[in-house]
Amino acid sequence: MCTASNYITDDHYFGRNFDYEISYNERVTVTPRNYVFKFRKIDDIKNHYAMIGIAAGIDGYPLYYDACNEKGLAIAGLNFAGNAVYRQFEEGMVNITPFELIPYLLGKAASVAEARELLAEINLVDINFADELPLSPLHWMLSDGRDAIVVEPMADGLKIYDNPVGVMTNNPPFDKQLFYLNNYRGLSNRNPENSFGVDLEEYSRGMGAIGLPGDLSSASRFAKVAFTRANSYSDSDEASSVSQFFHILGSVEQQNGCTFIDEPDLYEYTIYTSLINYLLINEEQFNFIN
Amino acid sequence: MCTASNYITDDHYFGRNFDYEISYNERVTVTPRNYVFKFRKIDDIKNHYAMIGIAAGIDGYPLYYDACNEKGLAIAGLNFAGNAVYRQFEEGMVNITPFELIPYLLGKAASVAEARELLAEINLVDINFADELPLSPLHWMLSDGRDAIVVEPMADGLKIYDNPVGVMTNNPPFDKQLFYLNNYRGLSNRNPENSFGVDLEEYSRGMGAIGLPGDLSSASRFAKVAFTRANSYSDSDEASSVSQFFHILGSVEQQNGCTFIDEPDLYEYTIYTSLINYLLINEEQFNFIN
Amino acid sequence: MCTASNYITDDHYFGRNFDYEISYNERVTVTPRNYVFKFRKIDDIKNHYAMIGIAAGIDGYPLYYDACNEKGLAIAGLNFAGNAVYRQFEEGMVNITPFELIPYLLGKAASVAEARELLAEINLVDINFADELPLSPLHWMLSDGRDAIVVEPMADGLKIYDNPVGVMTNNPPFDKQLFYLNNYRGLSNRNPENSFGVDLEEYSRGMGAIGLPGDLSSASRFAKVAFTRANSYSDSDEASSVSQFFHILGSVEQQNGCTFIDEPDLYEYTIYTSLINYLLINEEQFNFIN
Amino acid sequence: MCTASNYITDDHYFGRNFDYEISYNERVTVTPRNYVFKFRKIDDIKNHYAMIGIAAGIDGYPLYYDACNEKGLAIAGLNFAGNAVYRQFEEGMVNITPFELIPYLLGKAASVAEARELLAEINLVDINFADELPLSPLHWMLSDGRDAIVVEPMADGLKIYDNPVGVMTNNPPFDKQLFYLNNYRGLSNRNPENSFGVDLEEYSRGMGAIGLPGDLSSASRFAKVAFTRANSYSDSDEASSVSQFFHILGSVEQQNGCTFIDEPDLYEYTIYTSLINYLLINEEQFNFIN
């Protein structure tokens, strides 16, 4: 489905693979500070942090898949089918639809810590963008270079998890994903000592990670990308970091043909890989409507 | 299909699981020293080492599946479908049928070393025991407490391999089995250090062998039983050794229901587990016909 | 650590492997109907269902590891280190210590359904049996031939799960164990069709379950025993069922030497395998003190 | 270490990942038809097919890692440490050094079939390019769009294998690699039917290939890239084929940091990925020295 990751060297890099069988003509979309965000159940927001990211622009509204604001807070929404539960309108809460969450959080929060405070008030209401556009079941990863969290709207409430591994895929819920990673704790980027009990040969480099899964299911991608990111090595300058980041997400790329979907009889594959580093963003960009 | 193993403590233990969908009423069969073994292409052998083992006794001829002689040389024949090739009669060789190999070797050899010399002269001829009893495709493991070898009649000749792991199953040929074991060289009976790159939990004992296969295919049984035998711990006395030996072979037991065979619509399962220790054999037994 | 399973043919069989590095001289222990059970925080129970099981008998008190009562309700307590949380005394609840849970439930409940009602009132209080005998962190599996449940005392409350697979091991908590099983949904007791995309050989029977783990960690034992039980085939008579049951638990036996424990420098292994079928219990046994 | 692959749509694409810890400044190198190739033990070749590929150019001699000639025959040499055996000069054979093999074959053969005939006469002699440049242990994959073969200089002779999967990595020898692939025959790009025996959930797309390895050892890369290539889907035009080819090899890319080499204390990673399609080659290029 999808994979998100951050990467922290001298700077903070964030992005995702968007894996799906259909493209909705997503493209890089900038929202300047004074673009008026309309919300379904709360007042319009007329001034907010500027943001840049990938969005399907429908009816002039940027439906962000992943984005970063001018303060360096980044977020990505990924498929969470079968687990995401949205709710009825609830008095006393900040009632935000799932498709409004990215604009709301990036518009108001300068950091993960601030987003966390906003999230404590949020009720994700079950309101479609349009009749023909039902809500996607989603969960979100937020990252700012200091902190990273995962936000999951579960049947028993909105869960917020610290994300110590800096990656997220899809099902199962994040606490399960993180737990299953324990099975791989003995894997390493070094060849293992022979501890089997009989004399065995070291016939290849890279044998220390034997057991790491290579299929494209969400739990396997989680393990693979977590290992790749955790062992990643690059220089810390911009060019090296950007290059390495695409290699990290490349490790769980979905090649066309490898994941067949009965309905609608298509292959899911990696449609785009995004990378956002807010320092790359031109200050003027964020004011261009002014 | 089957698994053979030896186990060496103060003494030499040898045996096998016989995994199949049909039993041929195999039973413990003793052949005393002066039982006349008739052979198809060589002279009768009237005096030989006595032997004990599991055999299907048909027409008064002990068709041994596995056996040990009074000198402590043990042997087991296991299924080797698709790889075993038997040959035309060849002048100048000792032409032995596959079903005669165990009587021939155990009758004449006091050790693996002696059996190896005999094997250098042997041509395994393609002659059925009876029209209704076609030859099984087989390979053999021999063991005497000092040495262990595997004998495989391949298309390009009779291969003899040292067996450093003391176990044998079925396909693929032994050199491939042994090579694939290299993939498991990092497995251990101790919990692994965390080397993944992020903080991960040791949530169970026994995590050092994660990656060891648990299905019942021949290559997976090979890895599982090799690990179990290599890490086996027991006291060295008779009772402890015998008990532990059955646990070693128990680790790759085929439970009824877990391996379905289309033809003949039956389950393959472990029909018997044998253990032979020649010291257990009563001297008188070997002479009882005298 | 341990594995519990039920097995249902014409009758209900229940038991467990007890895997540990030290034996406390556990033995078969019968508690007749009028043996007075003393409890720490509730009144003595003078009349109750009779029960039989494996217990360490200390100071005349049967510390049951697993047992079955005369109505056919069976239960086993297994290690749940790092997850089990016991609580302070709570007014208005039935305050039971973990070591009293088996006598309490088996003494009063004739079925899983009745035990479930009792559990709704129970608070597992953090009281040792004795100063030198700290509480084990435990979770429990109950089974009666109709229903099976798992009871887990977690930090956020006493969890009760339906158990559709009829097995339990140790960590992680049961919902995670059950979820992880999804990764193995394509495994089968039949050889797989070739769907890889190139021509590949079926070189062994049993290849349909390749991917099933064979190490002895708790999550791997869970998958292995769940597969073995789910595919188990036996006649439904007593002798066949009993035999097959021991093979099911034998599939996850811990062979001595394969699990090394740094502290106290010993191997964990399967110390006993129990099987309880209440129909086997002699009616008189349950009254023998009378 | 390295991975080679071909990809056949309307045309024939061939290339490789070069994985190593040090770059020797490899670059695209064209050898025109009349460049005089000097050989150590045979006469100079003054006229030959033109070729293009990646080479380390040392002393004016193109040390090709992988290349394609004007007839569409492509070849790549990959590390084969511990298995490659080169030989003494042998009278009556065409004595070619390993570093001369690519120029010799591509210079004279228009197809895999023709190369196969040449190989029947070749003896790979153990002669260094220079004292400070010892021979690499190599094996080669050849491909022309109709046929693909693997050439391995083993202790018991120069082995030539048909390559039905169109990929090659490093150890073990190709027959073992191919055999081991059988373990993955049940993997698929479709989600599996539930055949485990209990009700289990399909929680992600891509679960049909669970069991495919994701580490970077040579046998795991072989399985991963073979699956990716076998299931690959793209349009057959040039742009689509080229794009897809890089995704195929991208599936086994070695990310920097994931494979640590003790000696010389560096990481091995994918230094380059090449793709050769001879139709891309400008005819004039091949004559530019003329």
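Chains here go by letter, A, B, C and D, matching the order in which they are written, and residues are numbered from 1 within each.
Just so it is clear, a residue touches a chain if its C-beta (ideal position, glycine included) is under 8 Å from a C-beta of that chain, and two chains touch if they have at least 3 such contacts.
These numbers were taken from a predicted model, which means no experiment stands behind them.
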{"item": "Of all other chains, the one whose Cα centre sits farthest from chain A", "value": "B"}
{"item": "Pair with more cross-chain C-beta pairs in contact, given A-C and A-B", "value": "A-B"}
{"item": "Centre distance in Å when chain A and chain B are each reduced to the mean of their C-alpha atoms", "value": "54"}
{"item": "Centroid spacing, where centroids are CA-atom means, of chain A and chain C in whole angstrom", "value": "40"}
{"item": "Junction residues of chain D, two or more chains touched", "value": "172, 179, 183, 187, 189-190, 201, 203, 207-208, 210-211, 217, 219, 227, 231"}
{"item": "Contact set on chain B toward chain A in their complex", "value": "164-165, 179, 181-190, 192-203, 207-208, 210-211, 226-227, 230-231"}
{"item": "Chain C to chain B touching residues, read off their complex", "value": "1, 82, 170-172, 187, 189-190, 201, 203-220, 223-224, 227-228, 231-234, 244, 247-248, 250-251, 253-262, 267-268"}
{"item": "Partner chain D, residues of chain B touching it in the complex", "value": "172, 176, 179-180, 183, 217, 219"}
